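For clarity, chains are labelled A, B, C and D in written order, and residue numbers in each chain start from 1.
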Amino acid sequence: MTAAVEFRAVTRHFGNVRAVDGVDLTIEEGSFFAMLGPSGSGKTTCLRLISGFEKPNDGSIRIFGQDVGDVPPNRRNVNTVFQDYALFPHINVRDNVGYGLMVKGVDRRTRNDRAEEMLALVKLSGYGDRKPAQLSGGQRQRVALARALVNEPRVLLLDEPLGALDLKLREAMQDELKALQARLGITFIFVTHDQGEALSMADRLAVFNEGRIAQIGTPNDVYARPRTRFVADFVGSSNVLPPDVTRAFGGPAAWASLRPESLHVGVAEGATPTGTVTGLRYLGAGSRLTLDVAGAEVAALVPAGQPVPATGSTVGLRFDPASLHVMEGEG
Amino acid sequence: MHSDRASLSLRASAIAGLLFLHLPILLIFLYAFTTEEKSYEFPPPGLTLQWFGVAWSREDIWPPLWLSLWVASISTILAMILGTLVSAAMAQTKFFGREQISLLILLPIALPGVITGMALRSAFSIMDIPFSTWTIILGHATFCIVIVYNNAVARFRRLSGGVMEASADLGANGFQTFRYVLLPNLGTALLAGGMLAFALSFDEVIVTTFTAGQQSTLPIWMLQELVRPRQRPVTNVVAIVVFIATFVPILIAYYLTRNGSDIAGSGK
Amino acid sequence: MTTRTTLKLLGSTTLALITGLTPAMAQMTSIGPGEGELSIVAWAGYIERGETDKAFDWVTKFEAASGCKVSVKTANTSDEMVALMNEGGFDLVTASGDASLRLIAGGRVQEINKDLIPSWSTIDPRLQDAGWHMVDGKHYGVPYMWGPNVLMYNTEVFKEPPTSWNVVFEKMDLPDGKSNEGRVQAYDGPIHVADAAQYLMFHKPELGITSPYELNEDQYKAALDLLRVQRTLTSRYWHDAFIQIDDFKNEGVVASGSWPFQVNLLKADNQPIASTIPQEGATGWADTTMMHVDSKHPNCAYMWFEHQLSSNLQSDLSVWFGANPAVPAACTDGRGMQTAEGCTANGLDDFDKIKFWTTPVSNCSQGEGACVPYYRWVSDYIGVIGGR
Amino acid sequence: MSPAPAILPERGLADRLTALFWRHPRLLLAVLLTPPLLWLGVVYLGSLAALLLQSFYSIDEFSGVVKEEFTLKTYGELFRAQNMDIIIRTLLMSAVVTVGCAILAFPIAYYAARFARGKWKAIFYLGVMLPLWSSYLVKVYAWKLILAKEGIVTWAADGMGLVPVLDAVLSIPGIGGNSLSTSYIGTFLVFVYIWLPYMILPMQAALERVPTSMLEASADLGASRSQTFRTVIFPLAMPGIIAGSIFTFSLTMGDYIIPQIVGNSSRFIGLAVYQLQGTAGNTPLAAAFAVVPIVVMLVYLWVAKRKGAFDAL
């Protein structure tokens, strides 16, 4: 498989701020790739570097093997679904969708037919005559999607596409986007700060921190084997153990991560380590305990139906040693 | 109860304020019909319709009227071009000197007109430029730029920056983006700004007296008529006609800009 | 306009052009064909083409005969006339005595050749060589008209004509029993200092004033003090004839120094207005038509010089403005509307009682640098009006 | 789906120019800014420089010809008592007019921004705009008639038996006079009237940006009307007031027509500049006078900028 997008030592800074700092990245063609990170971590800048709205100060970007350092956005066969959709307010939905064809000089009839096809694809048949202002948030999002797809781009960029939608709609759209990508077979690159969204949708994901990629891999890799404390912290809600606490858990003197759901709470006798219950939160599907283990705060999940120890009591912790993940990186 | 209804005193003072703004205008209307010719006295000694006919047949009204229309049209066009260019630049990026430029645009309207007028006159005399229609236009366009700029920049601010990028993203080159996205969205704001600039130029007298030389614009003609009255009510007739003629463009400007937060037309 | 040096250079080049032309400008020796245009700076009402009153038109016929189209720029004060002529672009100016010498000194007007003006000999001999247009034996203009600054008053308040200027200078009760505060006006021009001086000349002989235009420091200070009293009586000064007319009609003004022009217009409007020259005498103006040094239409200008002396123009003008013609024959030859009685009413016989406007200079009959020059009159009068 | 090329071909000049501007964004900025900067920076600032230059010349007092030699003499003249009077008088009047406009404008702007809806909104808008755009000169002359001794105010006062009140007002020393039209009160009234719309519009714009919820929040927290006004509405309206005051202050400072027609003949800066330059031909002193409003307005704009008032203009 060829690489759809390739970053080689790409740096982009704004004044003194290094928004993107020496990023190397390869995104396979046909994959569903997520860029995950807190705001200001450089993920959106990476997206804008691909679409051409930003230019790298250093390094090179290739799209399907071609260097795009000199190619303005309008000539890149890459389309974007913008975070705020950026629909043209003065024209109707059909013309919005057909816009990309119009500027290429496609005649009106063909353009309208293609626009209707696209609207059907995003389940908005019959909405062509409306103005963007007359649509709901979810509908606008679909129009933005249809508009971006009408040009048959080889890469589709999505900038926090679901951020403005409510929870239920978001979940439905996640499934739809995933299905659409599978059907069209084109490369989707999407940016999100929601780790759940990234984990559930992406084939591969890159976790960004302070302009660099902290880790890149499949969702399972990243979730189960975070390379750094930052990744462990940001992706899911792992216990991050300092070296001496790792030792108390029977591991080497190094930073390690341990998922709360991997810890089983039982009697203190014969267990290593032990901890004191300091807090308790009921979650419905179980309870989340906060424990003091060797001076560090550690979380553990108690599934529903099992006895919940009282606050202040001492309990023993048992776990599969394989689930104690020692991290390579420090940061 | 706090937010829905205005208190009686607020409503009363607001309406009283509006009436205060209109009392002299009623008077202008009244004195267009007075029988007294050379000076004003209150109450007017009698009423007549003759001044409308007299104004129509006065030949000396027409050249200033045409000159004013011509000057206002050219100044407005120039101001629209320059104002749009600078607002596009200001909306685009942050750059060094941005603040200074915004101050510079504001200056011709923030400094008293007598200063602008006198400065231009000094420059004309130093450069040995003879007074002409173009020297009037030069002055007018200078202070009209800010009107167009204010309207355009407010619209740029409201227009999410994304739509221009979206257009480029979809394959449009810069000219297509300008034609299909920018112009339709900016159009009404430019039109509103242009109409207000026109009205401003049409009524300007403070700067014009310095830049006009021998020619008379309509306001200068009025000034001459008012200090040297022969058939003084004729000036009132002209004022009424201009008042009614500006009513429509102002109304249109209002409907073009009313959906935005940009209040059109502040500034003179 | 890139640097100051360029500015300076351009500025001085312009100046050099203007000043450089002055000596090179030879006096005209013959009148050629007209250039088709003539622009005149004039007092309001001086150059009428029948727009205000159809009977008074002395431009239309001139245009037809000479082919010179006349355009007029009205000036309200002598200072404005000097400024306009300094700016340039005009051919002629109807300058009063307080402007004419300044124009000559500034090199803004050119010497004229009276041999090219056949009617020169008909001019009143008292005006032919008057000091306000003749310097070093050279003539710089053609006399146009002269008149007194009269005391205009409301006949309902003054049953008898006031005999003294004190009604506008001193706080007093007028014949109707009410104070004159806020009911009198004065001219909004520095030359009005001379009116005060003339009043003092009569009432305070101990000051030793010999001419209201030649004042030493003490005399000048006394005049300013009198004007400060007048400030307390005056609501608003007048500089525009028509605003003064308005003020007499609806501002309750009943007495003021004025021109016969306003008097005639108010009388024509059936207002209770009359005028007089009180016992102190009056200042007055004698206006001279002068030609700009860079006049682009000299032939038309000389045609106008001749035209302005024609007795029917002089006659109509003197009726219209309520003043005296520069050509005395116009009073009596019946070619215009003026009559001998009219000229008498306008003060033709008072010539000697009138102190004509002239520019105050520091070197005067009292000695070198003994008198207060005009520029101080300008700034101090602004101060007096501002209440200082 | 047949794979389209990753890079689309370049079509014509428009695409080439687009690419050029994309590669060099400064170039686009330069193209956009050059004409307006040439106009404003060279023509306008150049003219102001020409004006300033003149203030360092002096005038020959007798012939009235400008002497083009560098001197500070003209600035010395500016500090003469009668000229300082003019400056102080003008600045005071501008300040009082600005405050007067702000007080009168507030209820109109507040009502129009917060309560007027639909038709009433349009009426308020037109009601403010029409006087703004109807002939300035004719309005001023109408005021002369309103304020004259035998004018409308007197006539109305007579009809309502308020003549003693009018007389009392006119007898106030310093600002009173023989009639409203010849007193500082009259000048003030006309200034306030003529510039009022310039205060209402930016104030209304600023108030319209205040979210209703913010006022409700304040009321919710137990603030009385006057507390809400003092602590919420007034500070939020402030940028609008400052923006409006730029106009009222500057316009009052520079006007030369109103003080000629209404008032007691005392000079204001605008009138002094106009007469010194236009009628007296003393351009150097006029230029020196003109420096005063320029300095005042530059300071004013600097303060306004810091208060964020420019957005409300």
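One rule holds for everything that comes next: contacts are C-beta pairs under 8 Å (C-beta built on N, C-alpha and C of every residue); 3 or more make two chains touch, one makes a residue touch a chain.
The structure displayed is predicted, hence computed values, not measured ones.
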item: Graph distance between chain A and chain C, where chains that touch are linked; value: 2
item: Neighbouring chains common to chain B and chain D, by label; value: A, C
item: Chain at maximum distance from chain A, centres defined as averaged CA atoms; value: C
item: Selected pair, greater C-beta contact count between A-D and C-D; value: C-D
item: Whole-Å gap separating chain C and chain D, where each centre is the average of the chain's CA atoms; value: 38
item: Distance from the mean Cα position of chain B to that of chain A, given in whole angstrom; value: 53
item: Whole-Å gap between the CA centroids of chain B and chain C; value: 39
item: Chain D residues counted as touching two or more neighbouring chains; value: 8, 15, 18, 46, 50, 53, 144-145, 148, 150-151, 277-278
item: Chain B: positions in contact with at least two other chains; value: 40-42, 123, 126, 171, 173, 176
item: Interface hub residues of chain C, defined as touching at least two other chains; value: 1, 7, 11, 87, 243, 246, 249-250
item: Which pairs of chains touch, using the document's own definition; value: A-B, A-D, B-C, B-D, C-D
item: Touch list for chain B against partner chain D, complex; value: 2-3, 5-7, 10-11, 13-14, 17-18, 20-25, 27-28, 31, 40-43, 81-83, 85-86, 88-89, 92-93, 95, 99, 101-116, 118-123, 126, 138, 141-142, 145, 150, 171, 173-176, 199-200, 203, 205-206, 209-210, 219, 222-223, 226, 235-236, 238-239, 242-243, 246-247, 250-251, 254, 258, 261-263, 265-268
item: Complex contacts: residues of chain B adjacent to chain A; value: 159-160, 162-163, 165-173, 176, 180-181, 184-185
item: Chain B partner contacts - residues on chain C that touch it in the complex; value: 1, 7, 10-11, 14, 39, 44, 51-52, 71, 73-74, 87, 89, 240, 242-243, 245-246, 249-250, 265, 269
item: Contacting residues of chain D [partner chain C, same complex]; value: 42, 46, 49-50, 53, 59-65, 68, 77, 80-83, 85-86, 89, 144-145, 148-151, 177-179, 181-183, 261, 263-267, 272, 275, 277-282
item: Chain D-touching residues of chain C, taken from the complex the two chains share; value: 1, 4, 7-8, 11-12, 15, 75-77, 79-80, 82-83, 86-87, 102, 105-108, 181-183, 188, 234-237, 243, 246, 249-252, 359, 361, 373-375, 378-380, 382-383, 385-388
